[in-house]
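First subunit A sits with subunit B, and in the next complex the same chain sits with subunit C.
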Partner chain A sequence: MMALAPRLQDVAKPLLRVAPVAAVAVGLIVGAFLFANVSPAVALSTLATSAFGTPQGFSKTLEETAPLLIAGIAVFVALKAGLFNIGVEGQLLVGAFAAALAGQHFRGSVGVLACLLAGMAAGLIWALPAGLIKALRNGHEVITTIMLNNIAVLTTQYLAGGPFKDPTSQSPRTVPIDASVAMPSFHVGSQLMVSPALVIGLALVVGISVWLFRTVAGYELRATGANPTAAKFAGVNAKTMIVYSMGASGAIGGLAGALQVLAFKGQFYDGFSPGYGFTGLGVALLAGNSPLGLLPSALLFGALAKGATSMQSLLGVPKGITYVVMGLLIVTYAVVRYRKAVAHD
Partner chain B sequence: MISDALSNLVFQTVILASPLILAALGGYFSERSGVVNIALEGKMLMAACLSTVVVIHTQSPWLSLAAGILAATVFSGVHWMMTQVYRIDAVVSGMAINAISLGGSNFVNSKMIDPRYSGPMPYFWAGALWAIAMAAPALVWAYSRWTRSGLRLMAVGSDPDKARTMGVNPLWVRCLALAGTGLLCGLSGTLIASNAGSFQDNMTAGRGYIALAALILGGWRPVPTALACLAFGLFQAIELSLQGTVRIPSQAWNSLPYLVAILAIAGFSAKNRAPAGTGKL
Partner chain C sequence: MSLAVEMNGISKRFGTVQALDSVCLRVKRQSIHALVGENGAGKTTLMRVLYGALQPDFGTVALDGKPCRFRNSSEAIRAGVGMVSQHYSIIPQINCLDNLMLGAEPGFVLSRSSAKRRADELAARMGFEFDWEADAATLSPSGAQKLEILKLLWREARVMILDEPTAMLSPSDSDALYASLKQLTEQGATIIVVTHRLPEVLENCQQVTVLRGGRNVVSADVKDTNGPMLAEWIVGQSMHGAPDRRPPASDEIVLEAIGLSAKGDRGNLALKSVGFKVRKGEILGIAGVDGSGQRELFRALLGLVKPVQGKLLYRGRNLIPATVADRLRQGFRIIVEDRHEEGVIDDWPLIENAALGLHWLPQMTRKTAVCARYAFMRFALAVRHGKQAKQLAVPYLRQTGWIDFAARRREAQRIADRFDTRHGGLHQPMSSLSGGNQQRFVAGRALSNDPQLILAFQPSRGLDISASQKLYQTIREECGKGASAIVVSFDLDELMENCDRIVAMCNGRMAEPPKDKARDRNAIGRLMVGADA
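Now for the complex of A and B:
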């Protein structure tokens, strides 16, 4: 019985470790608000009321949450196999671009499916080199995905401004998708708007939970992430699992981009993603062990994105504050989680 | 005429490659000590931002250079704290640093730099930084091959446990190595701002990642790394001088360093030139 009760020092140690970091993080954010001549209390209340206070505001928060949730799922799937897919940003871009092209040529519900599949295929293809290089040549996936991100930005920029540019537009953007493949938001109650993208994201969380924790493939994937050597001795083909998880992650990243086109934007343009993939990394890192953790985590970053817009327009707080908050949140959380075990402790 | 064009090309290459060389050598120190560094970009960005703030408010080139170096070194110190004291994964902490720099420089820029400012901006003399960038690779090579602390740096990066049994403290070596990363990223960021003559949001525009690509391509060795940077600089200089005359989209040129880096990782990793102790504590 004694062994089951948590000892004081087991609880106190992580707390002691996290306290100074959290204090510095809070101090920096408070300091930033004071520096911008805004009372932190006013800033916080502006953020909360604009993100959650009105049905319109909350609808906007949910709109921001949808791509972050799906991008977060993409990062999460790779993370479970022990891979950092920093490339979700690039996979999202090529997915969005592919869906925007497919949307010009396909019609109706078959067209919607075609667009989503095109987006997923593009994301999958964009992630595969990273997975294959990791599995076959042991090249670090962080480096390859960073490079693939930059190539994705440049490639989609070129395509949207060159061969696939909308001739009627001044800026680099594609021809808008057909109205029949758009996925408009629908009313829940009288004023709240919910987008199909968010519904798909929620379904995906459930699906991924089942896949990871109730199927053999999911178990093997997690085993690979926990300890590749042990997994290999248990008969898991770790190389295959690395390619699978990277591919799945890329396909989900592509889906996030495709849904963003169908549900909200209606076309692809240069500067399509304000860093959804990178914020998705924050979403997944803060989610903890369970896919269900992605929901509050994505909502938090969605609210931050919505709140930051209001703080900028109402209080003049620069938008960069959201990235600062995200970085500090990751650091604070990582102090107790993403730690490395040391043998000589 | 032709020699004019040639010397112009050489000059452009030096201008474009110098920030890359400085940043890549910064990455060299960090990665050779065993800390994967994807945060070069963030450190350079913060240096570019603060050196510009200081140059506008004090009109002093030296203080501007000092501010740039200080900014990058503080971020590098935070990186050391996170990876070595708190033992957070180097990639996670690197991402966090990049996020904080991207947001923080936007914040500082919009609060401390008047967009209508049009007075003089006496940045630190870029010529001196170009010269440093050209001389640094050989110096770094000699340092890590011939000096006591350089050999310790290599030892810690290859096998921290063995280094420890030899009486070398990896924590301290990495602290110095990351200070070196901060110094070089500070020089690089200041140079980028000074080359452009102002600060814009996200103005490093992926150059920290190109530097990382060069480091990989150079097999984590200073001189080949610098040659890779010069090659990337030359590509860009050729692109600039051909602009409008040849129908190759600029995006294709700009993708080249990234593509080459991926091929390098795919081709060379089997031989694995990366420091053996990368990520070990």
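Now for the complex of A and C:
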């Protein structure tokens, strides 16, 4: 019992410190809804019931969660090596495009595998320049990945509207994938639908946790992220680690795009991603230090995305307000973390 | 009132550790007061309380007889208290003048010319010379120390706290530092020096306060004490300084460098055609002032820097192609110079830090026999090394990429126990340890798991006398078991006391004193400054 007492104190103190920040955040969120001319209580209850209240709603939430989770994992892997991969959006787009192309030509379960591999390869190739530039020339990955994002958005847009455009379609979109490579959602119970993409995401979270925290390679990667100089003195080849983690991050980003095509969209089109890669940054930041934190974090963002649609149709709250709320959440979290770091000093 | 500082009954607790237990400190005006004690005795904590960086749980602080309570260090600075901490707070990317003013700029609109005039005035008062427009990165350690002192003067500090001011300085620079401190006291300042080096205390300070385990042991006038008395107060027992004698090193040469040259951080040739031999069981001391090429030599030996020229033979084999990881696997161990940057990961728990650098050793990974991996490594090594592959591949046998957590925990415990690292649990972050305890941990790690070649850079930095003795004794023990060691220190006496053979480095070159003067302090000293060249 003696040992418990200081621990309780340790828990209570930071909570007290966080309280004012949380209060401000709640105030801002309430203010945001008031600004949109709805009662915050009604808005929040609509958000919650539409996202979690019914099996259909929850299925939709899970559908939104899947790409955010995988994009979040992609960001997380790079973050652990000390790299801020802003380029997941671009890697996701090229991955989706590659999978959409592969899906037109391959069939069956081999085809599914081929599509996923094509997506991962595309994402990997898209991330590699950023990793190499960082490792060999110390060019900052934030700059290079933002540039690569722009190239990815514009290139896939051009390809989907030009050389690879579905001739039967009015809008810029590719020919739909073969039905045999689609990965439709399956029923859990009578009404809840779960997508294979989500299952793969969950497996990835477990796999990444094991890799980062139970293997020597993961240890080296985390050491590189935490203190590259100390890692070098410990015999870690930091350059290799940077390239590896950036490559892995890109491959996972590409996988997120490929799964989105196979599981939900069936083809690639202009405006394919509503910013999954960028929301993935928020997911990974909010997850904190543990990969398991990605799960609640991705679910939260998924629920917000689903709730935003419902609030728009039911209450007329513009979707933008939900993105404001998302931003406030991340800023609040950043403030809490920042304060912790200062208190540590 | 002639007391500049009066601290009464100061207590401070961190979690379960009572860092300070009603400690008193009385410092006379215009004197140099030494604060000594073991690692974790509470010296730095007490000074941080005085500097306002920490709030005491109990106790009072008075300056010039006036009670005061600082909520943060800026209040302390305004009251005339300044502190130079062990790690200099100089920003290398900006110039010296900006460093001097940073945080205490004169007014909203900066007049650089008038600032420069005042800076020159202060420097002249101390007899220092500075190129104010030069980047602070170009400063030597003693130059940085001087700039830190000028920063205190710039802020008009009357009470100056210096934490381990000579840790990075050569003997002559230390003497010069104390000369300028003396001058400062004559001009009205009061100085508190936190240090481990007793000769400095005896030579330069007027009063001394000894702390042990967060409590006062004694406060006395230095003229009433002597070295053995101080040492006994510090450790609480009589010290037996005589090192144990070992049989002379064998003739077997473990490491040989021939004409080794390497570049420094700034692309200059920092290591110039250095040649030396280390025998089995030998402790080789490398004397020299800071920046004579010791750093680059160690980096080349560890494989972090590829030499531009020369040969490096380890047990007769060419070492140059071996990576850092290869060398660590062969038993190379390093006690790094800057443990924060190079040795530990501050945010990580001790248990994870324990594996750093040892993490690929077979005993730290799970012992599942993976034949495919062994076969692959045999093949890969055969491609690179030909006939030696079979022997080289042995460490890969039964090794897997999975961490053995039980082994890691045992290892962390062993490392912590080796030099009595005081910690609040192996799952506490490294940053929760005091500087000296971190050094104990780093040293313990370097001397674990059958070291073959120990590279120690200022290994006693931040350690108190007893820990430092224990460290050297352990190095001697390992050398008795067949390891060899290379020790770099800026403290020649430390090397004379602990090493079998001493060479000196000066300006990137290495020289060995003639056989008949091998233990001649003056001869080595001349080599250190290049006087015999």
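Just so we're on the same page, the second predicted complex is superposed on the first by the 313 of 345 C-alpha atoms of A that agree within 3 Å, B and C clash if a C-alpha of one lies under 4 Å from a C-alpha of the other, contacts with A are read in each partner's own complex, and residues count from 1 in each chain.
Note that a residue touches a chain if its C-beta (ideal position, glycine included) is under 8 Å from a C-beta of that chain, and two chains touch if they have at least 3 such contacts.
Values in this document were obtained by computation on a predicted structure and should not be read as measured data.
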Superposition on subunit A - do subunit B and subunit C clash or fit: clash
Which superposed partner A:Gly108 touches (first subunit B, second subunit C, both, neither): neither
Touched partner set for A:Pro129, first subunit B, second subunit C, both or neither: first
Subunit B versus subunit C, judged by how many residues of subunit A each one touches: B
Touched partner set for A:Leu281, first subunit B, second subunit C, both or neither: first
Contacts of A:Asn227 with subunit B and subunit C, given as first, second, both or neither: second
Touching partner for A:Ala217 - first (subunit B), second (subunit C), both, neither: second
Contacts of A:Gly235 with subunit B and subunit C, given as first, second, both or neither: second
Contacts of A:Gly31 with subunit B and subunit C, given as first, second, both or neither: neither
Clash-bearing segment of subunit C, relative to subunit B, as chosen among 92-100, 272-280 or 326-334: 92-100
Interface residues of subunit A shared between complexes with subunit B and subunit C: 344
Subunit A residues within the subunit B interface of the complex: 17, 21, 32, 35-36, 84, 86, 129, 133, 137-140, 142-144, 146-148, 150-151, 154-155, 157-158, 162, 278, 281-282, 285, 318-328, 330-331, 334-335, 338-340, 342, 344
Partner subunit C, residues of subunit A touching it in the complex: 6, 214-217, 219-220, 223, 226-227, 229-237, 344
Subunit A-facing residues of subunit B, complex: 36, 38, 82, 86-89, 91-93, 95-100, 102-107, 109-111, 161, 164, 201, 206, 209, 212-213, 216, 249, 251-252, 254-255, 258-259, 261-262, 265-267, 269-270, 272, 274, 279, 281
Subunit A-touching residues of subunit C, taken from the complex the two chains share: 15-16, 302, 304, 323-325, 327-329, 334, 336, 341-348, 352, 355-357, 359-360, 365, 401-403, 431
